[in-house]
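Look for subunit A in each of the two complexes below; its partner is subunit B in the first and subunit C in the second.
Up next is the complex of A and B:
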């Protein structure tokens, strides 16, 4: 068994199992806690819980007026990063072939040249996010091992993927194996770290939305 | 470990309150630091420790250790030193104003967690002594400032005499129970007279009650749910005893927040009456065409009390009242639901050691007001007003600070009889 076989086979399977079970477990462990019963009288004429939740979700897609200027860098950087990552993961022909083998669904790919450029931009946003975290006194105080680890496991697949397609430094097969192993690391770390925010954001924004909207407040 | 700090009680209390939404909040924070920008304490001090997310660290730690699905991985223990260090952060540097919620990309409501966290700290025997004393005074004497029912009665009689206004007390039956904040009673008696004048003008059946009058709820601030509940129950019992259909809350932000949005949850049952802030009551009168006012030409701006506006939902009421009445009304930037806090909400006003920080925070407000060119800033919370008056004195600031209810009552055209159907 070559390194690539291990990476593609048991390593990825194990990582995916950890990801799926871990995410389900963490979400259930929150969702199965008691839910507070709301007994106060809702302000007349305010939206339903669902509409309140959706409203705040949408409003929080972009920073509110007074904060816009200061939040602009981090917001744009985050959007470019998230979109870039999605384009790289779901747009590269090789990824689509892989996903088709694994899950049986496929879609048209983007030209690889475009995806490479996007990958470089994505890596740059990650570098910017790290630089911001390391230089801002507020972020330095807040940051823990988990934040840096979550950054690392996200940046690694992008960097190793670029390295693999560049055919530099080592044989393609080895680089590909390393790339796949870094994806396995990302999946396995996912439920343990900050990456969980990609699921939790739906809960937190919705609940805050419902909380404020019944009071007649839109924030 | 410091024997006086009951660590287990802190952790137990917090975890007992950990419901679904609190856990999601604690788990979702991505440590992006954006909330710092929204918090007036960080804005005023520039101290990274005043970042909202940082204020929750010991609570996150406690949660991780006990309830976190990954606690078996080994999570550090909360120490007494943690609690001691964070006592100041959770009590002195958070007014539970909700402003950081606006910017948080995860939509985490820090104020809700701080309120839960304060209960944990109180259970451990922590909390600023003066705030705890105010809460205990409320429990033992019916008011944080020690206004007993006898003193309340004397004071009300004095205000009635002094202002030549009828103030009904302990009527057996009434449609409206009016409540007060002892800050008004002791420091701003004109506000009490103003409310009485307006209720009389409206021609409604109303009363004060010596069984339940104090609307402030220091137990809530101090993290003492049993005191908070007792204070709430006193008011609810008094309203039920007279068969009130409406309870009117005076100009006090958190009094409104607690009675309007938390009381039913605390007592575990729906309230059998509606709860109106005095600004809502006045807006209702105006909507019914029963509030004729002499226009005021002086340039005026309005400070939104966090618990009335951003967390209360009465933002539009004040504007509706001022519309056409304050003819030179000027909004601050930012305003309404995005307004800056006065710096004294959430019980911070009662914490003496936090005074310097409050003054610094008030600088933000002073700059905001000056940018509008208004000569007077009015508010509809006597706690904000007291905070602002003290800060104003500290800075020897020359702008006026006033009250919405007093402004309305002072300019009420009394000879126009209140016609139309009575409210409540």
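Up next is the complex of A and C:
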């Protein structure tokens, strides 16, 4: 069995299994928790829980006034990163055939050249995010292994994917194997680290929104 | 052919001119990426060289490799050198059969002890003592051990001999192994392919005859001259790959326009062979040029890589079932942890209520 065979076969199998167990576990264990008892009276004239949740979600798409100056770089960097990653993951033909193989749906791909440029930009935003984390004293103090690990498992597939398509440094089979293994690592780490925010962000922001609106908080 | 006759004598007798020999050696030199001056040196050396004895044994195989060599579109001097000048024993091609054939093999070994090159096509059955493939009552395993002992070098022709090939495919009922698993004390050159390109077989033998040494080999013991590049690196459809233009089915617009076959499962990017440069049938075409992706036949276990039509970037496991079971398991753990949390909360509330009641006067 070559490294590529291991990557495409058992490594992905293992990663999918860990991902599925972890995500189902974490989501259900949160969703089935008992609701906290509301001890305060609802402010008159405030919207429903659902509207409160949606309202905060939309408002928080951009930092509020007092925080804007400080959060501008990280907000913009994050937007470029998230958009870039989505373009790379869902736009490259090689990725689409992977997703089609897994989910049975397919869509037209973007020209490879466009995806490569976007991948380089995405990698640059990741580097900027790390540099920001390391240079900001407060952020550095707050950072744990979880933050660095989540950064690493995200940056690794982007970097190794770029190497694989550029056929640099090692033969294609080795680069593709390393790329797939890095994706397997991302999937296995996903439910247990900060990457789980991809799912949990909807729960936490919605709940915060409902909570705020009940009390008339408007940030 | 008398033992001391040179290859030049034989070629002259067969009506092959020096010009034709030079043409052959210059092709060989360019294919094997040798220096331009090497072609003349090769022609001279080849003309003066004495015959190199070759004994060919066939084990668990389909005869495709011999077919490839003998049915090449335009039998060339390479085949002549290989077939007429060198071949002392070939089970498929020789006229003799039965005891006479066995006697011929033993005679050929005895006459060229320590000097002959042993060519093997087919894998070696090892399970149950190797009884699944026998010739004249002897297992392939015995024949190989017996013959390789007196050989100068061994050439494993075809993917079966090189890497186990089709007989080695899961579940490998005969315990098939490649030649290199059995022969450990002699150099083993692998010329894989299902079948290998005729020029790669003849060219490697011609190289050994000419230079009296083994060609430069890669990590899988394949001559770098023929297996140095991936098909993908020499494929004429590569510009389409680089642009992301892929055929999605064998009869779509992309297929008609000759786009890259990656999405149709082409294994060219991970397959090392000379198909894209030397091509087949006298340089007419090769699988990708004919519209089908590369199967990766010159790589180990090409039969067990998740399917010929599965793109390289896809997973090969049975992941839907695994994910289904994993979601169920994860859900069970999630429900259990939520129930425990609820239970704890209830317990805490009861304890609090009890404390309150107790505290009351």
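In this text, the second predicted complex is superposed on the first by the 217 of 219 C-alpha atoms of A that agree within 3 Å, B and C clash if a C-alpha of one lies under 4 Å from a C-alpha of the other, contacts with A are read in each partner's own complex, and residues count from 1 in each chain.
Please note the rule applied: a residue touches a chain if its C-beta (ideal position, glycine included) is under 8 Å from a C-beta of that chain, and two chains touch if they have at least 3 such contacts.
As the structure is a prediction and not an experimental result, all values here were calculated from the model.
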Combined model on subunit A where subunit B meets subunit C, clash or fit: fit
First, second, both or neither for A:176, with subunit B first and subunit C second: second
First (subunit B), second (subunit C), both or neither touched by A:72: neither
Touching partner for A:131 - first (subunit B), second (subunit C), both, neither: neither
First, second, both or neither for A:34, with subunit B first and subunit C second: both
Which superposed partner A:217 touches (first subunit B, second subunit C, both, neither): first
Touched partner set for A:95, first subunit B, second subunit C, both or neither: second
Touching partner for A:51 - first (subunit B), second (subunit C), both, neither: neither
First (subunit B), second (subunit C), both or neither touched by A:23: second
Three-chain overlay, closest Cα atoms of subunit B and subunit C, distance in Å: 6
Subunit B/subunit C common contact set on subunit A: 25-26, 29, 31, 33-34
List of subunit A residues in touch with subunit C within their complex: 1-2, 4-5, 8-10, 12-13, 16-29, 31-34, 92-95, 97-98, 101-102, 109-113, 115, 167, 171-173, 176, 180
Subunit A-touching residues of subunit C, taken from the complex the two chains share: 230, 232-233, 242-244, 246, 262-263, 269-270, 300-301, 305-306, 310-319, 322-323, 325-331, 333-335, 337-339, 341-342, 345
Residue numbers on subunit B that touch subunit A, as the complex places them: 18-21, 23-25, 27-34, 36-38, 42, 48-49, 51, 53-54, 69-70, 73, 98, 101-109, 112, 260-265, 268-271, 274-275, 309-315, 333-334, 337-338
Contacting residues of subunit A [partner subunit B, same complex]: 25-26, 29-31, 33-41, 43, 46, 56-57, 60, 63-67, 70-71, 74-75, 78, 136-144, 147, 192, 194, 196-197, 200-201, 203-209, 211-212, 215-219
